[in-house]
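Take a look at the structures below.
Common to both upcoming complexes is chain A, partnered first by chain B, then by chain C.
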Partner chain A sequence: MGCFSPSWDGTLSPKDFSVAAHVFTERWERNKSASPSWFWVNSPKGPPLLASSQHDCNEEESCTVEEEAGSCEIDGAADNATLVQSKHHEAHYYDFHIVYSSSYRVPVLYFRAYCSDGRPLLLNDIEKDLPACSSKVLLETKWSFITLEEHPFLNRPWYKLHPCGTSEWMKLLCLGDEVAATNGPAIELYLVSWFSVVGQVVGLKVPLEMVKSH
Partner chain B sequence: MGKVKSFKNEFTFDERLGESKNIIVKYPDRVPVIIERYSGTDLPAMEKRKFMVPRDMTIGQFIHILSSRLELTPGKALFVFVKNTLPQTASQMDSVYESYKDDDGFLYMCYSSEKTFG
Partner chain C sequence: MMEAQKYVWEGAIPLQIHLHESEITSLPPPPPALILAPRIGYLPLLLPLIKPYFSSTLPPGQDTLWFDYKGLPLKWYIPTGVLFDLLCAEPERPWNLTVHFRGYPSNLLIPCEGEESVKWSFINSLKEADYIINGNCKNVMNMSQSDQVELWRSVMDGNLDKYIRSSSKLKLGTVTTDEADMVGQVKAGKIPVRLYVWSVNEDFEDLEDAPGVDNWDQISYINRPLEIHKEGKYFTLHDALKNLLPEFFAGKSLINDKPCIEESEDAQKVSSEDVGSSTGAEDGKEIFSQPMENDAEIKLIRIQGIEPKLEIPFSWVVNNLKNPEHFLHICVCVKIPNVKAA
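Right after this comes the complex of A and B.
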């Protein structure tokens, strides 16, 4: 399997993207703990993209995915004792796409979120769903650059993690390894490393076993 | 670019292996960790690079300790990674150690400052 040169700039060609993404999905499937699964979607305009949907997901997520939609009407002088609070918990659905960006030459995470009735979630609601530890980090480190943009293939508004820092931190991750520092990083692990950063933002975990060398 | 390989350069493999074994025998509830600065980062160097971290401590707690030791200015992000990945902040040192430890018995972590998105 190929390697990048030590002077590598942190980006990926469309072909390398496919290679790395195949390794990523294969390792992801091999780990039963990893959920949900990823599948390829052919796109008419460019290289295929990886897609995944998350419904009610893993245990940790399920507490945060549920959102308290409190609806109680209070008339001017409502008596607290008789006020009936109606709360219902609603599941949130997330769709994730990993799309190759030809302008940045890196993978980009797109996602959309909606309720069971199809109503899309706004960024405020999504922020509440993010894992507590990362939403704190998000605030501190400005990881929060989540923007609503047109999905490159679907022409619908999807949220996107802005990729302008990606090649820099990928360089850091891939060249930090001693083998990689001399021989150049391995292409096939690009997406695994990439997802260890990006997945944390949206609360998807990369199982530790996925990164182990074989 | 690359990691500063001071610890591995200073000691032979056998010395390192002996030391990590000693640590684990003496402190069975801790894991031996070497934390080194990524060259090319503007962060200060740490006084100490060898840590004995409680096994049940999370990565997030450990990063918090590191950032207070480094006396980072507010707004400066600490990016701590192991091998090719950014470990989950919620994962325990114990499991990270078991997955990523070097043949010499130490877990090598690297820190830098990097803006991630946006």
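Right after this comes the complex of A and C.
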């Protein structure tokens, strides 16, 4: 498995994203504690994206991974991919998507939340669902903030963790490790590391085993 | 100053705005409002101009402004000129839009709190462009509040001189090396591009017969920077599109019809030969050949209301036709046969 160079800028290419996302879903799958699983979703108007749906009942979550090739000619015209996860807390459901941003060259977490009747939750309601550490993470990584923006493929408003600081804090996160600092951080672990931070914002924890290199 | 850029900044779409019938509470109903909307502007910014026409007839409640065109809710954060180019294949003048002050479709459109939201979206795009060009958003993030306000105001007022003054501090530059406009030279780098690809299934001869867009799902939005590697080589708009939409330009024809090139047959031959001599004979020969293998066919490429010749230097296109948030918005219409749609 490849490593980023020591002078790495914290970003990754669409191909690396795909590699890292596969490793991420695989490890997530292996750690049953970390359900629900993530699955590849083919977006009708874009490249596949990684997705997961979650519900909070009994802390059980379910996700699946599926990958499909682009379905229409213009698919694949953008090198984006999305990771989706949905979560449902009592009557609250959450869908998560991880989409590759070609502008920022990093993964971006999109999510939406709704009640069992389909009514979308406002940010105020969502904040009540978020763990106490969430606001702390948002503060510490000061560049991450939640905004309501259009989902790049679905033409619908989704919440988004803004990606403009991601490469900066990923660099700090990955190069903080001595081995990684010498050899360069492993490409395959990018999403695991990334999600260990952004997952906290939305209350999804990455099991420790996932972070270990093999 | 570049002349074409001046035209873009002065460009406006004549709008004929009708109040949605569900919001008309008076008789006779109010006449439509006729308004010139700047190309580089955004629809919600027209509120102060539109409101007086309809304020006396509105039902009680709070204003949440939004527009639709033939039932399609319009995304307010797309510049007005781009919406017009995208949704009116055959330009309709005036452009008949319906305005709503109630019942915001928040399941379809991201919320808009008036000018503040538009400004935020603009600065956000500017940040994205900064990141693409410079690898970080520091130039925009470190802008002083007053510089930011000044920049935004220049866009609101359509004041190009003021804009050039305040945006020069951002060091987002122009996509050129020396005399680039003459030779089409582009420095290797990344260009912020927003591409809107409208797919149609039925064929049509004339643009006025083109089907309408009744759902945003018919439009693929491709937000991908264009990476230019060919240093110092004549890099055309055709090269750029080939790079962005390889599936439609895989060494095959581009336009087999008139829409894009309004020139005589002879002129076309000459220019394609020119292109051939500088970008390799293959490209040049194929520009005006038959439809593509997979039958997908580019019907229209429109930037800032014009259908530019594909041989023109891409640097010229970017420098002159980009929007003030430093993105080049390109509208493409592609005919894809039904069989393929599955």
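The rule is short, and it goes like this: the second predicted complex is superposed on the first by the 167 of 214 C-alpha atoms of A that agree within 3 Å, B and C clash if a C-alpha of one lies under 4 Å from a C-alpha of the other, contacts with A are read in each partner's own complex, and residues count from 1 in each chain.
To be clear about the criterion, a contact is a pair of C-beta atoms (placed from the backbone, for glycine too) under 8 Å apart; a residue touches a chain by one contact, two chains touch by 3 or more.
This one's a predicted model, so the numbers in the text were calculated from it and none came from an experiment.
Visitor: Which partner, chain B or chain C, touches the larger number of chain A residues?
Guide: B
Visitor: Can A:193 be said to touch chain B (first), chain C (second), both, or neither?
Guide: In the superposed model, A:193 contacts chain B only, not chain C.
Visitor: Does the superposition put A:164 against chain B (first), chain C (second), both, or neither?
Guide: A:164 contacts both chain B and chain C.
Visitor: Contacts for A:202 in the overlay, against chain B (first) and chain C (second): which applies, first, second, both or neither?
Guide: Neither partner.
Visitor: I'd like to know which partner A:99 touches here: chain B for first, chain C for second, both or neither.
Guide: A:99 sits against neither chain B nor chain C.
Visitor: May I ask you to decide whether A:120 touches chain B, chain C, both, or neither, giving the answer as first, second, both or neither?
Guide: After superposing on A, A:120 lies in contact with chain C but is clear of chain B.
Visitor: After the superposition on A, what does A:49 contact: first (chain B), second (chain C), both or neither?
Guide: Neither partner.
Visitor: Now for A:150: first (chain B), second (chain C), both, or neither, which partner does it touch?
Guide: In the superposition, A:150 contacts chain C only.
Visitor: Both chain B and chain C contact which residues of chain A?
Guide: Common to the two interfaces on chain A: residues 164, 168.
Visitor: Can you tell me which positions in chain A touch chain B when the two form their complex?
Guide: For chain A paired with chain B, touching residues are 60, 131, 133-134, 137, 140-146, 161-166, 168-169, 171-178, 180-181, 185, 189, 192-193, 196-197, 200-201, 205-206, 208-209, 211-212.
Visitor: Going by the contact rule at the top, pick out the chain B residues touching chain A in the complex.
Guide: Interface residues on the chain B side: 1-3, 5, 8, 38, 60, 75, 77, 79, 81, 83-91, 95-96, 99-100, 110, 112, 114-118.
Visitor: Along chain C, where are the residues that touch chain A in the complex?
Guide: 75, 77, 106-111, 127-128, 131-132, 135-137, 192, 195, 197, 199, 216-217, 219-225, 244-248, 294, 296, 334, 336, 340-342
Visitor: Write out the stretch or stretches of chain A touching chain C in their complex.
Guide: The contact residues of chain A facing chain C are 9, 44-46, 71-74, 76-80, 102-104, 120, 148-150, 152-153, 155-157, 164, 168.
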